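Common to both upcoming complexes is chain A, partnered first by chain B, then by chain C.
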Partner chain A sequence: MTIMLKAVSRRTVLKSAAIGAAAFGLRPDLALAAGQTVTLADIGVGDPNGDWSTYTKETGNTVNVVSIGNGPSAVLNQLIAGGGRQSYDIINIVGGMQNPLVENDLIVPLDVSRLKNWQNNAYIAEYFKPGSKGFDFIGYEGTIYGVPTVLQGDSFAYLPEKTGGTLDSYGALFDPKFKGFVALEDNYTTAGQKTALYLKSAGLTEINDPSDMSKEEIAKVVDFLIEKKKEGQFRVIWSSFEQAVNLLVNQEVYVMDCWEPMVFAAKAKGVDAVYAKPKEGYLLWAMAAYLVKGDRSPEKIEASYQLLDYMLSPEYGAMITSLRGYMTNPQAPAFAAQSDKFDEATAKRIAEIDAGVKEKFEAGGTWQARWPTNIETYEEEWQRFKAA
Partner chain B sequence: MRGSLHLLVWLCLAAVLVFLYAPLVPPLLLAIRDPQTGAATLNNFAAIGADPTLVSAITNSVLLAAIVGIAAPLLGLAAAQAVRSFGLPRLIITIVLLPLFIPGVSMGVSTSLFFRLTGIDPSLFTMAVVQTLWALPFAFLIILTVMSGFDTLYLEAAYTSGANRLQAFREVELPQIAPGLTGAATFSVILSFNETVRTAVVQGGNNTVQTFIWSRYQQVGLTPNMYALMSLIIIVTLLLILVLVALGRKQQQS
Partner chain C sequence: MSLAVKRRDPAALVLLAGPVLLCALAIIVPLVLTLVVSFWERKMIGMQPGFTLTSYGLFFEGARFSVLRRSFFVAISSTLIMLLIAYAVAYLITFRLKPSRTRIFLFLLSVPFLVNYVIRTFAWAYLLGRTGPVNQFLLDLGVINQPLDWLLFSDFAVYLGLIAAYMPFMVYPIWLSLSAIDKRLIEASWMLGEAPLQTFLRVVLPLSLPGVFAAAIFGFVGAFGEVAVSQILGGVGYQLMGNAITSSLDVLNYPMAAAMSTVVVGCMLIMLLLWLRFFDLRLFLGKVLGR
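Right, the complex of A and B next:
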């Protein structure tokens, strides 16, 4: 029995060594990190409906996707109190909250030289240049922490049949003509900031920077919103994707502060909804994937870098654009057109979405502030608006 | 006159039933609808298996339900026995029922902080603990109710006949209160499968069906296979409730 065991173990060792050597000879990176499972905590947008087959085929690693909430405090709580530091290797969330993530020692700087897709991504070079507002969505104090995964410019949606024509100002959200048929998102970094953008542009309130307001400025914005709320301007303050889509589909609201994919979803259900091109500009934002700080083996870190690199690939980008309706990767439309993974109509839609978002970035606007200087006042003021 | 009154009662009952069950219909309709053509189809049910994240969430939910379905009734039984043996029934009942009155988020957050302080990493174990805490008061109440119908004179008789405590429990009491245990287990399974908030806070690297669907609902919308899964959960839950009712009837008859 002992002899048999010895023979088996010797054979196994020799076989493993041979496989390892062969793998190393063919793909050194694969030999370093194969057979790992990378846990990706994601807000839902970054999951290509479970299809990580290319990543798995190329690296020998698998992905475990875990759903997390998108609110800044929800993300922090999951990492600090919820044990996310141990459980998650990568978090893919809306960027711009590096301040608390770095200050609480939750994420690590990225070595972008380990990401081969970083260099050929023209969007990174264009929209996330160091020193620009966009850089704040992936970096902090000059250091890069995040890989940008999706890009978007937000405005608002409307139903032209009900509004009687084109709307091109956030002022439509507060127009008495649509009283009782307007919905806002329950989020001060979107609805609050769009309101500030409108108030500043219309010269109604003095606001220095709508993306980072002083305590007095955010109070004035909320005063305005409360006044409108009391007048009965808002039908509802929505808080989830499905709820917002249903508001449009059931035509319960005619003008709505929302995300563009909700318009795609409403259109797919036969509703003629339009995502506005506001003269005040768009609310620009990006999602970013971060490496979570924790006690991890070099193999796990390598596998995580491989996943980040895959998330920068044209294939992943095309899948996410197709599924979620956001711009991802400059090469995604071409990949979709050439690859047999997408049919012609889908490839066309991917190209249209990409072009549409690019147009928004060219039109410009203001970057969303996920972690404004006076965040506590923002939180308090927003609660005041909701309770009013 | 009597006939019309009878009809009115039935109409009221029908109205209550419609009010209760109408919200369960839309997911069923969306589950059997082809998103492209709008035609009726069962493909959405087949598509559940095509999403690995959804499949792993289902596996986790089933495992958790099995653990909670065993742990909560056992703990509930122990607590119910304590009520009978130790006196101070009100105190014990209040202590066991307390988690019922603490809001889900607070319970989840305080449990996750407890795990953090004690150095326990999030896993299926932490999720099972938080769900068992949630299911325990219900399991306890069900078992307590069934045990209250059991006459302890039978135990006295068993002791007189030379049985020890364990034998008396196993051979005399257990067969009598078994429906209570089954009911508590069924209810615990249902509660485990449906729990979202507490579980989400301590889930770490694991989804359950509910945390996954809730997250998708908030961020990116639901796909038809999720409606199909929701429908299956609704149907299974209703079937389990029917089992509970059947068990109750059986107990009454015996």
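Right, the complex of A and C next:
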């Protein structure tokens, strides 16, 4: 056993030395971090199908992608109780959870001057300005903690053959015409907020800010949902990607509050599903990658910063847009068009996705609040809705 | 070797101490921690050690209490249904099936468990849907004119899902219990002139009750804490206690989740104590093990 360990150790040292020398020769500033393996805990969106070749080529580091749940309890439990603070270097999750992550001392502030791709990213400048709602997806109390990796605007899906034409309002979710053929997501920060956006836009309830409602406002939203539930408006409240896709594919429901990739999945299975462009606007959100707080060497931290920077690169953005259908990097469409890495059709699709999501952000709506001020009331009220 | 000799044997004591300690660490410690945390105070996103009944108060006053009542009702009623089915199946296996086929039948009962439980539940959703095979079959037969909505996302679907998930587990303890009955007692009942039904009610059923109660615990515990079946087959927010506890964890309300878990564990403990009070577990296991 001793001999084996020595052999591995020697190999590792030789390999590291070779990579280090190569990296030093090419980019002296990066030599410090070469030979590192950065562990990226991801919810299944940020992995470019294992293709980290450019990052490895440029830095001499490798990436180990592991899965992490997206729910607040899953993330915190994996970081606190699951040993994630030591085993994960970066977590890439839906943003907006800085409050519990920072208060539990699980992530560290970012030094964005170490990210060369940060400065020339027009989306960061436009959508994540300090003080804006978008900033809440990457920052907390004025400090930046996350690198925005994907951006999206959510609305709802429908089956035009069944609904008899275009639907352009969240009111369709509550339209008696579709009674018993509507599904909502089991999530107060998505279904709850979309309902609030509709009630506010339609002038049915006074709601100051659908993204951060008072206790009374969320109670009014839930009262409305309970009324509709008792009328038999909803068929089901879905809670997983597969379940939602099957609801559309099996035509169990005709109108569904959901995410756009579910429409892509349903279309891929031959179903004519449409993702609505509601006049009330969209539920806007972003994913963010955070540096996990832990006992790490300067080399590992440097390698992690290099990976965050790569995740801000046009190449990574183009790959994720192509694979997942989300907007990522303002230069991703141009990169895809010019790079040999993508064929013409894929490059065109990346440009279309980028333009489509940009259109959503221009249309506006409300930013999702993953950790609203009164989150406990949200949860209590959602329980009331489900138990009604 | 007698028990007294074992007690004096230090090596045996050491050997026993390991598993006992492991059980204590794996079972008792988490339960005690859950109980302790249930009295702690929630502070922002964390919690503060102390003694408060706030979480219990919120639980019994809020919507979650109705979830507890529903969970009780669903768990008890589904357990009764499952017991009826499981008992009939176990009875047939024990008294009507050739011994050579018993093993095959018991193996077949375990086959569904080779498929992931959540996938099996999703399969029910597909089968029972408006456009699913069951509705299609009934439409083709002309039994119905339009799809039956209540097949899926309904109480019916939840009960079906629970039965499919837990009933097979319940067959085994009942079968064990029935197999352990001394056949001479049944023969004696016949010889003394009791009708088959009377023999069943006065001999077989009472002697199989420890297994029935064990099966009831399997079914009740599973149904009471169920998460996936209610979520996938239940429809608009159909919740059982497992779902309510998960929901509290999502907002990091650990004292509330602990309070609910404590209530659930308390209910289970009461059932176990009743079992121990009314049945001699050693006798049951002794018979099964042929001692």
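Things worth noting here:
Basically, the second predicted complex is superposed on the first by the 362 of 388 C-alpha atoms of A that agree within 3 Å, B and C clash if a C-alpha of one lies under 4 Å from a C-alpha of the other, contacts with A are read in each partner's own complex, and residues count from 1 in each chain.
Rule of thumb we're sticking to: contacts are C-beta pairs under 8 Å (C-beta built on N, C-alpha and C of every residue); 3 or more make two chains touch, one makes a residue touch a chain.
Keep in mind it's a predicted model, so treat the numbers as computed, not measured.
In the superposed model, A:N70 makes contact with chain B only, not with chain C. In the superposed pair of complexes, A:G35 makes contact with neither chain B nor chain C.
Once chain A of one complex is fitted onto chain A of the other, the partner contacts of A:V45 are limited to chain B, with no touch recorded for chain C. Applying the stated contact rule after C-alpha superposition, one finds that A:P160 touches neither chain B nor chain C.
In the overlay built on the shared chain, the residue A:V236 is in contact with chain C alone; chain B does not reach it. Residue contacts after overlaying the shared chain place A:Q86 against chain B, while chain C stays out of touching range. Of the two partner chains, neither chain B nor chain C is touched by A:P176. When the two complexes are overlaid on their common chain A, residue A:I375 makes contact with chain C while staying clear of chain B. Once the two complexes are overlaid on chain A, the chain A residues touched by chain B in the first and by chain C in the second are 239, 242.
Interface of chain B with chain A (complex): residues 35, 50-56, 109, 112-113, 115-116, 121-122, 126, 200-207, 211-212, 214-223. The part of chain C that touches chain A in the complex is made up of residues 44-46, 62-64, 66-67, 70, 122, 125-126, 129-132, 149, 152-153, 231-232, 235-239, 243-244, 246-253. Taken in their complex, chain A has these residues touching chain C: 71-73, 76, 99-100, 103-104, 180, 186, 229, 234-237, 239, 242-243, 246, 250-252, 375-376, 378-380, 382-388.
Note for the complex: chain A touches chain B at residues 39, 43-45, 47, 49-50, 64-70, 77-78, 81-84, 86-88, 239-242, 245, 261-262, 265, 268, 323-324.
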